[in-house]
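Labels A, B and C are assigned to the chains in the order they are written; within every chain, residues are numbered from 1.
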Amino acid sequence: MLTEFLQQLVNGLSLGAIYALIALGYTMVYGVLRFINFAHSDVFMVGAFAGLYLAPLAPAGSILGGLVVVGGAMLASALLGVAIERLAYRPLRQAPTLNVLITAIGVSCLLQSAGQLVFGAAPRSFPVIFPARALSVGGLDFSSNQVVVLVFAAILVIGLRLIVFHTRMGAALRAVSQNPRAARLMGIDNDVVIRFTFALGSALAGAGGVLYAVNYPTIDPLMGVLPGLKAFVAAILGGIGSIPGAALGGLLLGLVETFVGGSQYSTYKDAIAFALLILFLLFRPAGLLGKARIEKV
Amino acid sequence: MPPMPKAHLGFLLALVLGGVLSGLSDRIDPYHLDVLIGVGINIVLAVSLNLIAGHTGQFSLGHAGFMAIGAYATAAVTIFLGPHLIGDTAAPGGLAENTLFGSALLIGGLAAALAGLLVGIPSLRLRGDYLALVTLGFGEIIRVLLQNFEPLGGALGLNGIPAYTTVFWVVAAGAATVFTVGCLVRSNYGLGFLAVRDDEIAASAAGLDPARYKVVAFTVGAFFAGIAGGLFGHFKMTITPSGFDFSRSIEIVVMVILGGLGNTVGVILAAVLLTLLPEFLRPVAEYRLVLYSLLLIGLMLARPQGLFTFRTHRAVPRA
Amino acid sequence: MSTPLLQLSQATVRFGGLTAVDALDLTLGQRELVGLIGPNGAGKTTAFNLITGLYAPASGSVAFAGRPLAGLSPHRIVAAGIARTFQNIRLFGSLSVLDHVRVAGNLHRAAAPWQALIRLRAFRESEAAVTRRAEELLALFNLERFRNTPARSLPYGEQRRLEIVRALATRPRLLLLDEPAAGLNPQEKIELVALIQRVHREFDLTILLVEHSMKVVMGVCQRIAVLDHGKKIAEGPPDAIRRDPAVIEAYLGPDHATALFHH
């Protein structure tokens, strides 16, 4: 009983860690631009495919090889994120939020359909990139890949925190997300900060894509849709705009889903995130760690 | 304001036209008939979403969810109750069958309207992209619930739905949708939908209840989406939960955006265009979705008021 | 004196740690024309938002014609008889001038949505009556030539006037005007004073006026209340307010005894 619980806990945390990585990108972009970047989930997908194409170039089954693949996927995703921002969102900086949202949905559909043309619609199996071993500790069975996911996610979240709180760019990012107008008056170039935000968030999603593929070893161009939506829910749960909130929300959602998935209600697993979303938005729109806003009239 | 009889006359003319087309349907090429029915169903979907998203400004990504509820409820009535009500010997296309179908559509519409009422309530507290997400979540929840509901076929869906959908029913539903939305929006009462979209605070300062308008828009819009679902099921003769997923909702959203939010005529044109386009694009079918998404992005960048809106007022409200 | 039309008792509004309106007492009798003034950030607009139900009081109460307004949503407060305009004009971007007045004129009429479909005789007649009254109101305020113009493309002064007409279309007993003279040129301000006086006279109304232009406030108000930092620091007839040392200090800081209200 306890073993089973601990087992699910490990599984839940490693799924949650991936939600957390994606959720960070949503929350950061929402912080600076106040809109839901629907295309973020497809950046995650492109990250996984970048990993797929990079894998043969790196030594298989080694830590170093794995690092190279994840790093390459992060770079590719960051470039894609910056390109999306430049081409699709920047021209709409002054447009109503709804127009930006619709554009984001368009970009998301474009990445999915273009992905189906370029990568093929059929699921592809993902190669082994990290050393893969089945581990067994005290009756708990897990794979080394789950450990890799957790370690990577922890390092990336800590790294992000360092960047946001201990660099000039991080300070600028926080300034823009608190008050873009005032930040501009203080000599901060909002466009640079926004580009940086997209690069950072997209890189995290790209890492998430590869780590997801490592654990669930087939990938396809629509793979981002559900994890992406759920990660957004995680961001809301944690309090949109809050970085620790996104990490917390991701872990929580991963745990809840895994435990429900292991119960007799497993087929309802995909509905949980949305039920939570609706409940939170209605009763605690600021999320667990977010702050409520007052509307000015 | 247009005089009353004109709208009613148009509605009646459409019914007559539907009857005539239905009577001639033996002489129309079956392929053309299918396309015609597809166009009609999409018009119902797009015009009803336009009431919610266009006129009232409540951006909804869950229209396929309402459609699913209508499709399943209507099919449940005709499959499970139909044989008891009209027997197996009813003449195909006869009065008994059409009465059954008409009542089933009504039930499907009402079931969807009830769901619309439920979804409309969150819209009282949310706006813009948060609302869009809740409606999206609602659509996905409907899909998961249907996948788990074995009496209605579960994930495999419902098969063997009788082919009751005729040109007449489609034209009648299209006319009823356009008539209802048109009459609502053009009345003094209905100006409130636009006012609520433009500025909720100013609307309440003018004595309008924004909550009520939003719930009415969601309920009426969902009702017609449910009817469209019923027509769709009895046209394709088989429905699956995954047929009403997020991408189906997006398809309807694209029609509304392309036509111009709040522009009924434009939205009808867009529904026609986007239903016919894939037929012409068959040779390059795999590029269809790429084209759609580029169209959507291009429109937002270059012509956010839609292809068919020529007045210069702000087409999309500030969220 | 009979029941006051509007009574704020110890009404307080807080945003987090900031007290925007602090224990405000304000009483308006029937057909009074009262000014509410004070430096920027004194809490005037917040007081309006409190009266119209956009904000809820942290403590204290607001009563209209003896009836407490607590918990009423903004549109119900309009239905009860309080209408307002906004400091930053809030018109409907896609409605014509006439439609602004029609939509507001719909208020005191029981038309359910389904009646718009069946269009019985009674419905059509009430539609026509609303439209007719909207046209009368436009004519009364010299806006009829803009009847079909989108409200956004009206000249600025006319936009302000249209907001007042829209408020009047709801048949209020109390009209709250939030800086109606903001952005008007001197000639337009003179016309506005005449307009406010006319509305006050012909529509049998009580008016509460927030305004920065002292010329306008002193010109039309019978009584003036002064807010500073959310508190009421003075109240009285215009002449007394003009000379009140606390008011002068609030506007100019200490050590300024200049007669400030003469520009």
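Details
Just so we're on the same page, a residue touches a chain if its C-beta (ideal position, glycine included) is under 8 Å from a C-beta of that chain, and two chains touch if they have at least 3 such contacts.
Just so it is clear, the model here is predicted, and its values are computed rather than measured.
When every chain is reduced to the mean of its CA atoms, the largest separation from chain A belongs to C. Relative to the centroid of all protein Cα atoms, the closest per-chain Cα centroid is that of B.
Work out the mean CA point of chain A and of chain C, and you get 49 Å between them. Note on chain placement: the centre of chain A and the centre of chain B lie 33 Å apart, centres being C-alpha means.
Chain centres here are Cα means. That of chain B falls 42 Å from that of chain C.
Taken residue by residue, chain C touches two or more other chains at 54, 86, whereas all remaining positions touch fewer.
Among the residues of chain B, those touching two or more other chains are numbered 201, 317.
Counting partners per residue, chain A has 297 as the residues that reach two or more other chains.
Every residue of chain A that touches chain B in the complex is listed here, in rising order: 35-36, 88, 91-92, 95-103, 105-110, 112-114, 116-117, 225, 229, 232-233, 236, 267-268, 270-271, 273-275, 277-278, 281-282, 285, 297. Chain B makes touch with chain A in their complex at residues 59, 61, 122, 125-126, 128-130, 132-134, 136-138, 140-141, 144-145, 147-148, 201, 246-247, 250, 253, 257, 286-290, 292-297, 300-301, 304, 316-319.
Residue ranges on chain C touching chain B, taken from their complex, read 52, 54, 73-75, 78-79, 83-84, 86, 90-95, 99-100, 102-107, 111, 113, 115-117, 119, 124, 127, 130-131, 150, 152, 166-167, 169-170. Residues 1, 4, 8, 179-180, 183-184, 187-192, 194-195, 197-199, 201-211, 216, 220, 262, 313-314, 317 of chain B are the ones touching chain C in the complex.
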